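Below: one structure, written as structure tokens.
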């Protein structure tokens, strides 16, 4: 879009910011997986018939690639901002939107560990700004337990272990099959998950493959089901909130 | 303790930092509830027979009272640090421990929303510090689903709604019954929980009582069971890690 | 207090923030001495008959334990925030009070070295906030030279050397005798005080005991006299200012 | 790339970071123009036969989209980080590379106003890091005056006015003709450039179109010539420096 | 000036802030050269007959000595603020002026590398301040190419190499001949200038003398011509803008 | 000095940094008084016969003009850095000295309110720097009570009220009589000093003249006596410490 396009439509615009991570995602998924997934979901909103007029009003902003994934710092391919840097990035960009007269935004997040820092950025940007509204979303919060049960039954490791595993591999197979090296998706030895964290992170708590659960059984079809579920639950909310 | 006591024992010491919040906790619990609970658990570790020599080596530091509870900012009685301020507090104090020759610490956290900012503080303090070790713990992560099922069955609202509700009220009844005004523990209207966040937080998503789930059925006995469960699971880990 | 209590009374409330330090205080006083003293004074205000209605309106906030005592960094038991971190803590909490509709606060400080950083926090919080008022107080500034002369005569080392010495030991004996190990209160060798500072602080300027003046002659009775003097001078000011 | 790919090759890797801006670029170019151009140049390096082994060793990192273009803040479509935020982003990511064992990087910059803040980020990241090397590049510094004279003769407005004008329009026509709306490339009234800056920027110094010079005569062919010139001059330097 | 003088005149005042650097300037010029030059120009404005009433209204503020010259960090005599520190200095002082009711300021800069950080300081100070106006100026931007051609012809190395060379040496000879050791102004070996930067800066790109171009031919007379040109072009702008 | 001079002598150099303020100093003294005084003292050290070889080794750095005088913010003519900005300035410059191989520095301070922020800057710069040494000095700490008694007897208001009063006026008369407008040195109404601070500072605590004590009786002769006393006490310390 040119600045004139934005000038013309900004009163109605809803900015859509996608946030991912640059982080190891097992031997079979690219380090940008979290962004690819969130971006893929964002792209589909616009082409969804049910999106109605919101499809035209949503403007996809350049995404936040680099975020905060320090739990993966021990593997290659992870690049992180400090927590405060990420907060400042989110604050500056969202304040920038408001300064431009774009008062509504959705942050679609694809990486849990960044979330608090992003929320703080939104807090700092919206505080005392009056008539603005920002919605923040983790895509996985829009997938019901029912669907998870139906798709994975007792193979489900819980969301917390779902890194480079069933859901992410499936969605990547649906969105970017060319980037998935399924033949390498071998979780191998997975240490018992700990209910606490140790700093500095010792080798012993790290699965050598980078996968916290197996990806066996992942498929593009499952990926499509998951994406559809997110869209089905998320899009009406955006429509409703930004009517 | 005097500085001479610390001088004598610091090689063996394990610093125990408790982090709470100053945050609305419904009409019946004090705003310091998160700290009272974490502090109560910390106090019991030392007197636990099973704690063995770790009981003597654990030194309880002044706690972090003021943390980050911006989701409760819309009720009176909540006081917050910015996320980065909290990170800096944690970083400075933990670096201070290392500078003093105390190289082992446990952070016992009582409030979820602060957690990422505290972890980042530990990251910044431990990075490149070599031979140090910090363990961070949320007390609720040491309560098994089995006990929750046994105690609450289908009244269980999920941990995410457990603010000023069953577990916190029970533990406060066990630890500080004089601070609980049970007669006021009326949850009242509770809005449907949303799977996303809105900024600025609108009135409509806030339960007027400040409770996200009812506290009915809470009791000191349940509180004791919960505390015991935490201690039973947590203390061996501390012993093991800091042998 | 619960948030409802605060809601009900906040218009009239005067927040009372106590600031201490975690700092070596000689071989006989706990590292939390500065906070114990300021907190003890704060506690007594409320029970003072002369306090009148202000007693009911003062609400004691969780204190600032960790502050700035870098001159004591060379002894064990000292934990510090960086100066800017302390400023941010004070700024955030005082801004939080204003956001909550509590527009009057007293900061009661128990450690000189922190003072400038606390004042800057208050400056940053109050700037452009209109109708708010914060009073900052060092307790020793309310003790007249007359009383000092009467109590200590020529044993008085000057306020600047009064660290773990006559006044602090006396007040601790009045407030928390169980925490004072009088038998260890041996100042030992005290280097000549320098009219300047050296960084990094060399061993030679540090008294091995951590005491900059002897505590001989300290007593609970003297402590009571000192506390009474502070209260006698301070309470009318708070009443007057926040009428 | 997966983390295993990076693990395998990181010793030889040269990270390539592209930095752009989100900034008005006249009525005919997209707001992401600076990034599209720098990214287009970066992409071509790898496919260049003359690049030799460096082509295989260069790894394109996720780019810096949001940077610093406050001079364009008065038009719609510009989003900025504060200067310090941009510095922190560059510092964190480059330090992250070093932590990962990737010790060589090229920053390819597409927007002048960001440059000092990016350089400071590199300074902070490299200071005291020993055996690392980062090269920073503005693409236009690799276009000789000779070619400029040949291509534009006296239509050349000087690099400082080259915003959404001859060179950027030409290169966008070469790289992304589908994103250029040539029919709208009307510079219109252009205020006399001032040899100083005024804050806040007054309306009178802003060309209404957002163009500081006309784009007439821009062509894909010229764009190709410019890109080739950059590559011809830049690639040997990267090869030489990171042999 | 006393505060009462300022009180009386502040409505009409235009603050003049001079910014220099503490940076190597070859073997013959003092490290404060950038400040001496900018200060010398500032001093002459006031005594200029053409300055009219602006001469009386301009108030010279204490200058910014320490700024940002990290490219010279490899020679002795260079002292730098971090980029963000410099931004904060500029922000604080300019906000201070506004708080004092002085709403017009000129920043006269003598060192290019600082410029972006100073501009960001002005941005942060003026944002949302309404009726204020700050002008920022590099003195060399007021010297026309015509004069350069006339004075230096083909000895002109370009502004970018003009560090401790023709213009700076000439102006210093005009302003402070006693500080110039002409006999030492030997440029010696000058490495080929690179169209990019390398971090950390390698020895090979540094001219051993600290001069990026020869100073031969510099003279006080040329210095006077240059200063006059700056004043002739700059003063009418200040008069016009702050009428 | 040129960079080559510094190169030659830096091993032996002792950097001398003078810190002042830009702050109202009553109706008769310039706003730069604190710097003029500290600078005047610094200048005399070098010409003192008793200074011995230290005279040649001391190098006067560009001073810190702008510091922290927020208590005077309510009068015109005061310009302040935030506390943290001042800390960063001191940290950056002192770290810069160390990087340059100049490992010894004296900070000579002329304004009390800045002192803590400057000390923190030195702390941050020296921490973990090994073999460096910085001495920080307030000039008034080198004036004995004996001389004060002899010079002022019962007219002495105490150091805390000594702003634009007896000592500062006297020293300015000794150093810069042309900048003192003695005829205006009328303290006028002085409010009773408060043993506490109020934020925002109310009008009622401010003396309308800006003077906290009368300057009557100040003289150049007294000024000379004070300067001599400072030098007599300070110079041997510098000699001794940096032998």
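Read from first to last, the chains carry the letters A, B, C, D, E and F; within each, the first residue is number 1.
Please note the rule applied: a residue touches a chain if its C-beta (ideal position, glycine included) is under 8 Å from a C-beta of that chain, and two chains touch if they have at least 3 such contacts.
Bear in mind that the values here come from a model prediction, so they are computed numbers and not experimental data.
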item: Interface copy of B-C among D-E, E-F or A-B, judged by whether over half of the contact pairs recur; value: E-F
item: Most distant chain from subunit B, judged by the mean position of its C-alpha atoms; value: E
item: Chain whose average C-alpha position is farthest from subunit A's own; value: F
item: Centroid spacing, where centroids are CA-atom means, of subunit A and subunit D in whole angstrom; value: 27
item: Between subunit C and subunit D, centroid-to-centroid distance (C-alpha), Å; value: 55
item: Residue list for subunit E, restricted to those that touch at least two other chains; value: 82, 84
item: Chains in cyclic order, anchored at subunit D, direction fixed by subunit E; value: D, E, F, C, B, A
item: Residue ranges of subunit F touching subunit E (in the complex, touch as defined); value: 1-7, 10, 22, 24-32, 35, 61-63, 65-66, 73, 75-82, 84-85, 88-89, 92-93, 96-97, 99-101, 181, 184, 210
item: Subunit F to subunit C touching residues, read off their complex; value: 68, 70, 82-84, 87, 113, 115-117, 119-120, 122-124, 126-127, 129, 132-138, 141-142, 195-200, 233, 237, 241
